[in-house]
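You will see two complexes here that share chain A, one where it goes with chain B and one where it goes with chain C.
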Partner chain A sequence: MIPLVPDIAHFLAGLLVLLSFVQLYQSRLPPLISIFAAQSLALATFVAWQAQIQHAPHLVITAGITLIFKVMIIPLALHGLIRSLKIHRTVETVVGIGPAMMTGMALVGLSMALMMRTSAAVDVVVREDIAFALSVVLLGLLMMVTRRNAVSQAIGFMSLENGLVLAGTGAKGMPLVVEISVAFSVLIAFIVVGIFIFRIRERFDTVDIAVLDRFRGERP
Partner chain B sequence: MNMLLSPAADMLLIPIAAAALLAAIPFYRLSAWINVLASLATFVAALALLVWPTVPTGHLIQVDDLNIVFLLLNALIGFTASLFGKSYLAHELETGRLLPAHLRFYHAVYQILMCMMNLALLTSVAGLMWVAIEIATLATVLMVGIYRTHEALEAAWKYFILGSVGIALALFGTILVYLAAQASVGAGLAAMSWSTLTSHAAHFDPAMLNIAFVFLLLGYGTKAGLVPLHAWLPDAHAEGPTPVSAILSGLLLNLAIYAILRFKIVLTASHATIAAGPMMMTLGLVSVLVAALMLYRRRDIKRFFAYSSIEHIGIIAFAFGLGGPLANFAGLLHMTMHSLTKSGIFFTVGHIVSIKHTQKIAHIGGLTISHPRLGWLFVACIAAIAGLPPFGVFTSEFLVVSSAFMQNPLLAAVLVIGLLISLGALFLRLNDIAFGEPKGSLTPNKMSYFPELVHLALVLAAGIFIPSQLASWFQHAAKLLG
Partner chain C sequence: MLVMQIAQTVLAVAVAPLLTGMVRKVKARLQYRTGPSVFQPYRDLSRLFTKETVVAHNASWLFCAAPTFVFAATWVAAAQVPTISFDVALSPAAELIALFGILTSARFALALAGLDIGTSFGGIGSSREVMIASIAEPAILMLIFVLALVAGSTRLTDIAFFVASPSVGLRISLLLAFVGLAMIAIAESGRIPVDNPATHLELTMVHEAMVLEYSGRHLALIELAAALKLLFYVSLISAVFVPWGIAPSGGTFVQYIIAMTLYLFKLAVAAATLAFFEISIAKMRVFRVPHFIGAALMLVLLAALLRLVSQSF
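What follows is the complex of A and B.
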């Protein structure tokens, strides 16, 4: 194989990890959405490249879904959504950018250490892609726990899902990848529609314990 | 034509056809009946599976000793819950909590849920099982949020986000299993079928398989509501309609356990990997203890029984983690008994809540005096779930505890302590609800007790006598689990 072929795949997968980090420290929603769109574009390119090098034409469908759905429709809908909820100017208090970035780096280190230790029975190129994918998944999870705004939590989930698609398409010959990516797109559509219909701004609008108690039904 | 005659395929085709029909029919009385009939037809197909377990050719569907137990339970409770739902939803319509449009939506989603649960159990491909569980989760999210109150939406959103993260982790685990298997099984749909995975497991990359199982356990464990991944479960049970609470506790938690078990079989077949059992046992014991202690502070009757479900899922996970023929047998039996009892309890609680118009335990009291039949039925339900003889839960809990004593007495002692703590909480609340001065509304109950009586009768029968055929059937399934 020409060395350039896996290099391009690794470059694109690394780009996804990088864009996950950029999402981590974005405190305003409009740039956050744009970076998510850029990450999805990198993913679509990665999947298209995999379709080329694996000679797997069905992956083109996954790339197309990613391009149309996650690069165009979802970001546009989210931009409209934050305008109609009037939260496009709010600055979110992120749980300390420093600690979040440090945790993120530790998570990337963890996923590299974990995946590189698995035996060489797995294709080396694939193994490195999976290490990147695990990093994206863990960074998405980190973003979900450090944010309180429902929209940024949803973006955290979607970037987590980008990591899963990265893993699924990077694993050569994985069955049902297209079906799984369709199922995930339905899930994401539900999240966005859910936020829109129910006007969910934050998971808990208040830190007042009494209100939480009422919600949990703890009060007699 | 051949495909239509196969009961396994019918278990998928009947619900999906019914869902399409129900989505098209605006008359809620008619659609409630269609829902019941479709569920009954699915149950008949499940029974036919016992005598005629043929499957259509291809790799997508399989029927073996393990999933047939789950399928029958699924179809039976799906049927009784639809029967209960018919009268319960009619009552909600009268009181104005739901509109006819909501009912149309509810019935269609109910059948989609049934179809997806059956598909997850029937399919032989790991990836397809994941897709089915994902859609089943979405369907239940929609049903939990159906009342559109602030609390219901909050519960649905919490369930949705936590459930999504859970199934995302499970998918990552599934991909890793494929990567571990790839070198020896090749590509394509057949590569990810349970039989191929199990037969080739000895050649899999053990390190990759280990990591995969951790992801799968955390992912599907979230769906099963194992502590500390249980945060969504009490809210979803308390704020959704009662038939949905019964389905969640009785069926959806089992489905997640089934998914974990399938991967545990693969892991056991590969000798180089870590043991899956101890991880499941730890999560199970923690669930039993935490849920038992949490029971004392619940003030909401549905939330109370949701925590009881966490406790019993903990017992089931513990039993399967213990492994061996006896513990697996006990786990399967306990799962069956718990599903029947707990969904019966939720039906009974549904009657109580619709009479009293409240879920607060403090506002419910003296049921045996004001509503003798309902009150004593509730007492029987509590006795059954507490694991008192002669009910079947006693048999299964006894088997779990005794097999634990044989393998590891220390762990068995912890389990027994958890069981005793929860027993105390159950009797405390039983006293508040069933005895003493009657509180709240005294209007008579107009709904039928048929569904919960069926469940209780089955649990009682299993506690007194387990037919040898049933026992040998469960033993076969237990053997499959290794």
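What follows is the complex of A and C.
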């Protein structure tokens, strides 16, 4: 089983990238939230596995935080949110699945090329894990750019944060304080975004971000 | 080995209706219906073979020849996939490109037969089928490239043998290729989000629209070919991604028995998975099908890209 050890970490990191692509493809909200939960579960497994092979017990705490907040609390809260706003049946107008996926591919290629150049001295497995993490971050950003719905933008943001945790735990020696603060900042961001969504909803009767542009007078 | 080749060939055509029956049965059970027995497709086929064959007045020879050709081509393709043994007589010929070429020629014949009678349903079915094919085939070619990059060969037995060897761990490119191939298989074998094999509603049917004019033994051959095509994709996925249990060359009798049992087990698992997938998803509009297959193409392209960047993927 020894040759499988780096493979499993690698495989889980790749699974995160794959699930980012599935998020880009999915245009309905309830499956999108479930895919985000699945991605977080993959991340929690990755972090727990890293704790095992790096002999770093504090990573178990990170895995636990991910498991409790991102796999359970946040997806359940989001499901409740979209049900109470009665937007769980809306099919979102995306920029277009084809162009979004193409851009995503280009971003993965970009992060691979970048990591191969800048970190040539690092161990191959760690380098590729970090390249995957950068891909997840960029795909999360892409998700926020291509969506008009506030809920899916929030999911894009949290999936971006999954990429950050992936980068932080894939390499050795990230202190626990940083991880905990990142985890809590995401929780706070989630609360802020939730309030934000409610406020837009009250003000404009929709969660489409485009109305904000019109409100500010940026778009006629 | 000639004996094993014959065994695999016979097994393919013997098991294909059973796979279709299992998918239908599991699907019925998941919908709280009892459903027909898993052997119902055999009874349907034997009934169709004995029924009178009606051919339209303006049908050309193509219409009568197409079912036989489609069945023969699909059977040849399905028989090449290593299911019980790596060492079969025709394994040097089992190149992936050739296999998909054979399947494509079968599809070409069926599309022509759909156009031959001149009814509007046949025409619309053929046009949709060719539209799906024109997007699915680049994805298939890219998939073959990925497998060839990983295994160093386009020959199916070599790929299966390579993946079964212990030196191959978990590979990202294989994961992406697996998801891509599963999506392509669903589109190609006409299963639910792309095409519904149980419908005769003109807005949605693709494969059924092409074969609407067929009856009797022609229809039996076409139904058997459709079952064989599903079996081909399931066997292909199990041979490429879960090849464990396939008997090596010069295997003992016990190994063949184990390989056969495992193969049937894999078929049952695939049937259950497919049925579960089908009841949990709705049929998509015809014009969304390009998105679906396009996503498969992107995934396989991503696998190729990762593989080209680094050998460890």
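Definition applied: the second predicted complex is superposed on the first by the 172 of 220 C-alpha atoms of A that agree within 3 Å, B and C clash if a C-alpha of one lies under 4 Å from a C-alpha of the other, contacts with A are read in each partner's own complex, and residues count from 1 in each chain.
Everything that follows uses one rule, which is that contacts are C-beta pairs under 8 Å (C-beta built on N, C-alpha and C of every residue); 3 or more make two chains touch, one makes a residue touch a chain.
These figures come from a predicted structure and were not determined experimentally.
Of the two partner chains, chain B is the only one that A:Leu187 touches; chain C does not reach it.
Of the two partner chains, chain C is the only one that A:Met105 touches; chain B does not reach it.
Looking at the shared chain after the overlay, A:Gly14 reaches chain C, while chain B stays out of its contact range. In the superposition on chain A, A:Met116 contacts chain C only, with no contact to chain B. Between chain B and chain C, B touches the greater number of residues of chain A. In the superposed model, A:Met144 makes contact with chain B only, not with chain C. Once chain A of one complex is fitted onto chain A of the other, the partner contacts of A:Val124 are limited to chain C, with no touch recorded for chain B. Applying the stated touch rule to the two superposed structures, the chain B and chain C interfaces on chain A have no residue in common. Residue ranges on chain C touching chain A, taken from their complex, read 167, 169-172, 175-176, 179, 291, 294-295, 298-299, 301-302, 305-306, 309-310, 312-313. Against chain C, in their complex, chain A makes its touches with residues 3-4, 7-8, 10-11, 13-15, 18, 21, 25, 97-98, 101-102, 104-105, 108-109, 112-113, 116, 124-125, 128. Interface of chain A with chain B (complex): residues 114-115, 117-119, 121-123, 126, 130, 133-134, 137, 141, 144, 150, 153, 157, 160-161, 163-164, 167-168, 171-176, 179-180, 183-184, 186-187, 190-191, 194, 198, 200, 203, 215-220. On the side of chain B, the complex with chain A involves touching residues 125, 127-128, 130-131, 134-135, 138, 141, 145, 151, 153-154, 157-158, 160-161, 164-165, 168-169, 171-172, 175-176, 178-180, 182-183, 186-189, 191-192, 205-208, 211, 234-235, 238, 297-300, 303, 359-362.
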